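First chain A sits with chain B, and in the next complex the same chain sits with chain C.
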Partner chain A sequence: MKAYIARRLLSIIPTLLIVGSLVFFVMRLASGDPAVAMLGSAATAESIAELREQMGLNRPLVVQYVDFLLQALRGDFGTSFATGRPVAEQVFEAFPDTVELVFWGMLIGTLVGVPTGIIAGVRPNSIFDYISRIVALIGLSMPAFYLGILLLLVFSLELGWFPVISTPKGGFLERLHATFLPALSLGLIQASFIMRMIRSSLLEVLQEDYIRTAHAKGAPPRRIHYRHALRNALVPVITVFGLYLGTLLAGTVLTETVFNRPGMGRLLVGAIQQRDYPLIQGGLMIYAAVIVVVNTAVDILYGLADPTIRYD
Partner chain B sequence: MENRQADSLEVRPTKGRSELAAVETPRPAASRLKALWNARWMRRFRRDRMAVAGIICVLLLSLMAVFAPWLAPYDPAEQHILYRLRGPSDMFKLGTDEFGRDVLSRLIYGSRASLVVGLASVLLAGVAGTIIGGVSGYVGGTFDQIVSSVVNILMSFPSLLLGLMVVVALGPGTTNVIIAVALSLLPNFIRLARAPVLALREREFVLASRALGASQARIVWNHILPNILGPISVMSTLWIATAIRTEASLSFLGLGVQPPTPSWGNMIRSGVNNILSNPWLAVYSGLAITVTVLAFNVIGDGLRDALDPKQRS
Partner chain C sequence: MLTKLRAIRGVFVLLAAALLVGLAIAGSGETALAATRHVLRVGSGVADVGTLDPHFATNFGEYPIVKAMFNGLVDLPPGTVDLERIEPDLAESWSVSDDGRIWTFHLRRGVQFHHGYGELTSEDVVFSFQRVADPEVGSPWRSEVSNIKEVRAVDRYTVEIELHAPDPFALLRLVGYHSGFIVSKKAVEELGDQHRFRPIGTGPFAIAEYNPRRSVVLVANDEYFKGKPKLAGIEFLFMPDTATRELALRRQEVDTADGDSEQIWVDRMRSQGIVVDMVGPGNGYFVQFNMTKPPFDNLKVRQALAYAVNRDEIVQYLGPALARPLKSPVPAGYFGHTTDGIETYEYDPERAKQLLAEAGYPNGFEFEIYISEATSYLPFAQILQEHWRRIGVTMRLNVIDHASYHARIREDANSVIFYNATRLPIADVYLSQFYHSDAIVGKPTAITNFSHLGDVVDNIDDLIEEARFEMNPERQKELYAEAQRRIMAVAAAMPYAQRYSATARQPYVDLGYELIGPNRLDNLFEHYIYNEKTNILR
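Now for the complex of A and B:
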């Protein structure tokens, strides 16, 4: 088990390397010459040449690439074109707000999705199953940011229960009040994914021989459902949890825009609109790093939950 | 009335003759279609009321996209400056946006962007992914290892983030959005095509064909490809749904289809920007996205259930 965990942890390095390379070359493709991008097309040739010298753009691309990776490893992503402040500083300022949103979103998604999935899976084709499946199908098809807009229209503009602009400030309750609607919109969409996954996984497990054996030996259904079936049904759900978290994280980009909420997503979208390449680069790297780390953690959890899984 | 009856009477014998002709010399395309229609999975699919409703919905949407110029009451880019941000009225059935453009007309034309981006990107990713995945699985070795590890990494990234990255590189615009969405779906297709090829490569009929001296191209075209197209086409339907959602998201951020070309995504954007003066603006286009994506999801679910009745979604 220790070797497995160590291998998984080590695999973070090549993964981040590939992602880092992807981001670096995509950004080069995008910006062309960063010096021109920074100074604008009106700049003189001399000032561009000077800046190129300053930024080290005269060096071979390979050297710049290695340099970028080494700096990224130290958490140095350069300075933002727009604000002149270090990218890392801005990213880490925005990060907690996004984490807060993702946390509440995931919590709502799990609290709603898991029980509904279990009830629907244990009683397939019941009215509850039927209704929850239709609701989940709609949730699956509705973009989370659209649900956010609908919630905003009803609960903020019409009823006035929540602020129109979500600013996470102040004490715990005030923050929660500001975060609730965006988190709810992400969480409810998430819940429909989780519900469907748990339901189909549970249905599959309930067909297994050992479930029939348990019934045959006279075990009470409740015990069979929750002891025998659910535990095994949750194993495949763990694997997609990382994927769900990634989707949720990406969804914050849109939800933060709808609710005018500060965070990584707003920072990234703003950077893209202002062509602030160092900030885009840093933002994408942080997203990528978080997703890679989460997926590795999920992989390790999966290994712990299902002892029959062993990678070599 | 009598004339029409006479017409139909005249037509009938010809129809009978052509049917007879078909029996004598069976037309492969028609008989293949008939076989497909009567296939067991197709019967199951036809009984799935939700899936059939999804098909009808997609057909109606396609008709709407094709006949948009005849259905839309106004030009979608025409600005009625005096009627900006109006609510629904007799003149503008669903109201107007911030430039006084008719929302209903834009909604009708917007179906084009969603369907074109959805279909084109899935087609692009499907063809490229099947080739890359198929070759990777068939050839194996180091190439396969590299491909599958890159795919594994990209798979863990949400398609929106990959799409964002590509749009940043290429810039906004409809063509670039198609490329971005296609690239974000590509890892899925590669993985989907690769796994069965890996297994098929070792199957007896492929080995037999190789022993008989069939060329590589022939083996792939005649024996491998037909066997992987089933799952690929099912998942394509579900990924059209994802593609439409991704397009809407990118356009919502102002990075996708650019105004004045209407897309449901950029209409939501203008709706959110004017949410206080005309809240309905965002509601309509979001509803259109939801219904379209729902239709594709339902078809995909239905196909999967019909093809693999053991694993019901």
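Now for the complex of A and C:
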């Protein structure tokens, strides 16, 4: 088990180098010039060339790439073109806000999605099942930014319960107050997802022979559903949960924009628009590391849900 | 297992209850503001600033912040860009030599830099101009000081600026804007890289905090030489999403905000009791035809396309409160603008078709261009696409992101170039950047001449340069008029609209200066200027 975890964590290094290299070349293939983005549209070709020289962009691509690799191997992600500040500093500044949002979003998603999924799965084709499936379908079809604006209109503008500017600051409760609406908009969409996963997974498991055996030996339905079925039904859910967590950490940009939160999504989109190469490279590499760690954690969780899984 | 699940369920219920109680407490815990001096909250339309150093600030999110912290030797009164009304700022008086080349400025005494960086002296002024001019420093505004030969400190409070050639707009080029801001020599040298986000100025507000992607907080400089600011401070909140800015403004979570320059937005905000102001001098919208690329090397083709553009439809799209037709290469309100004697290509589709036929394209032709996805580019290309389709010309649009577009057009990739720009409101800047042959893309001195005017068709370099140094304003206006006539005669460009930026504020925000018309103010910053007189009245 320990060896397995160590191996998985060590795999971060080649993953990062591959991600970093891909980003390095893809960004340079895309046209657009960081110097133009910084100097504005009235700059002369001469001053653009000077700035490119200062940024080291006029060196041969291979030299730039080797430099970048050597720096990255030392754990140095360089400094942002746009702000002149270290990339790692900017990423670690933005990361907690995103983690906070995703954590509360996941919590809401789980609190709403798991129970509804179980009830719908245990009582398929009941009224509850129909309603929750329709609501889930709406949740899945609704773009995050649209749901976000709806929530803002109702809970901020009309009722005045929550601020429009959800930039987190202050103590725990103040932060939670500011984070609630964006977390709700993430969480509701996620709840739909989790609900549907659990429902279909449960339905499948409930057809298995051992469930029939359990029924035959006279076990009460509650015990069969929760003890025998749910645990097995959770395995695919955990997989999807892990994958989804990765996308959430990377994909909160719309929610962050609508609710005005300064997290990772906004940081990276801004960096791409500005062609801020070091920030894009460093930011995505740090992301990749987080996703590998999250997926490792999910794999370990499998073992808890399904003791037949062994790590060697 | 069942009991475990029950326990877990119990924990969830408790957690949910705690969450709700906590939220209710947090929601009621709003702190009361200080009774008399308010902090103004500004919803800024950018996601972040890249710098707060005035010699590097280039975008509309950075300008209003920098302007609140810094001064120039002279300034335009807030709310106007009228060249006649340039007034003293850090300099209390000035004189100019008979040959117009040496300007002497007498500095105000006792002006203090923020955060204890000492008194402003002639050394700081000399340092500031040298800093902008130094290629090593890399200020984007270096070309604005290219006519300055030397800046000398005569004594502690007197500065001489020697120009290469007399310049009728010398004073305008020294106002607090871009290259004209005066920084503290001591602060720049001591702070080094930190000066970027902790700049030291002399203005009514001083930097307190920079929170990346969140906000910039300024505090009142109570020692300000024009008087103690009425506000306690200003908080600029970065809010790139238009809908969020609108909701925040309606909820009074911000007091002013960058607007959305669309008529429907303006009408909606006004119906909510929010004041919307139009900020001039206005952004000129135009296309340039790349005269090196067939069939655009043919005058009749260019003229046909120009005649096919229906300016009224574009203004209708933008909204009458926000736009008006533009008929000259220099926007209205910029010194030197005229439409007298200019071929303006009033909408005439029949004439357009006839010219196309004469040019050998009776059935029109097809071409493809790159276009930016930005809302200030793509919709205009789509409108002109439709206008040109009506005369049989098909323009295919290859939509790319904004940064790529700016790179592509500088590589001379487009045959028709969509552009819009706000510049220092004098004809010289527009003409030099867009129509002087030095500015043709591909040259080391390139800026934004995409039509190749000056190399392939006509050349108005002499006119632009003569006008630049012409001290007689009447003669100067004639030269500018001639330049505009010649650009339009060869149809190097087709200007079609001039658009103002919408900026919104709560009715209780008193800017502290007069607007030039109802809901109309002119400044160079595409946003309000906040000064010592700005106040919140409630």
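Throughout what follows, the second predicted complex is superposed on the first by the 247 of 312 C-alpha atoms of A that agree within 3 Å, B and C clash if a C-alpha of one lies under 4 Å from a C-alpha of the other, contacts with A are read in each partner's own complex, and residues count from 1 in each chain.
Going forward, contacts are C-beta pairs under 8 Å (C-beta built on N, C-alpha and C of every residue); 3 or more make two chains touch, one makes a residue touch a chain.
Values in this document were obtained by computation on a predicted structure and should not be read as measured data.
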**Request:** For A:T247, decide between first (touching chain B), second (touching chain C), both and neither.
**Result:** first
**Asked** Which of the two partners, first being chain B and second being chain C, lies in contact with A:T239: first, second, both, or neither?
**Response** neither
**Request:** May I ask you to decide whether A:T15 touches chain B, chain C, both, or neither, giving the answer as first, second, both or neither?
**Result:** first
**Message:** Taking the superposition on A as described, I'd like to know which of chain B and chain C A:A30 touches: first, second, both or neither.
**Reply:** both
**Message:** One more residue to check, A:I291. First (chain B), second (chain C), both or neither?
**Reply:** first
**Request:** Check the residue A:L137 against both partner chains and state whether it touches chain B (first), chain C (second), both, or neither.
**Result:** first
**Request:** Answer with first, second, both or neither: which of chain B and chain C does A:Q273 touch in the superposed model?
**Result:** both
**Prompt:** Is chain A touched at more residues by chain B or by chain C?
**Reply:** C
**Request:** May I ask you to decide whether A:T257 touches chain B, chain C, both, or neither, giving the answer as first, second, both or neither?
**Result:** both
**Message:** Which partner chains sit in contact with A:F180 here, chain B, chain C, both or neither? Use first/second/both/neither.
**Reply:** second
**Message:** So chain A touches chain B in one structure and chain C in the other; where do those two contact lists coincide?
**Reply:** 30, 149, 152-153, 157, 257-258, 269, 273
**Prompt:** Any idea which chain B residues touch chain A in the complex?
**Reply:** 149-150, 153, 156-161, 164-166, 168-171, 241, 245, 248-249, 252-255, 268, 271-272, 275-276, 279, 282-283, 286, 289-291, 293-294, 297-298, 301, 311-313
**Complex contact set, residues of chain A against chain B** = 14-15, 18-19, 22-23, 26-27, 29-30, 137-138, 140-143, 145-146, 149-150, 152-153, 157, 196, 200, 203-204, 242-243, 246-247, 249-251, 253-254, 257-258, 268-269, 272-273, 280, 284, 287-288, 291-292, 295
**Complete:** The residues of chain C that touch chain A in their complex are 1-2, 5, 12, 15-16, 19, 22-23, 25-27, 29, 47-48, 50-51, 58-59, 135, 138, 140, 142-143, 193, 196-197, 211-215, 237-241, 243-244, 247-248, 250-251, 253-254, 400-404, 406-408, 410-411, 421, 423, 433, 439, 441-448
**Request:** Spell out the part of chain A that touches chain C in their complex, as residue ranges.
**Result:** 30-33, 36-47, 49-51, 54, 82-85, 90, 93-94, 107, 111, 149, 152-153, 156-157, 160-165, 167, 169, 173-174, 176-177, 180, 222-223, 226-227, 231, 257-260, 262, 266-267, 269-270, 273-275
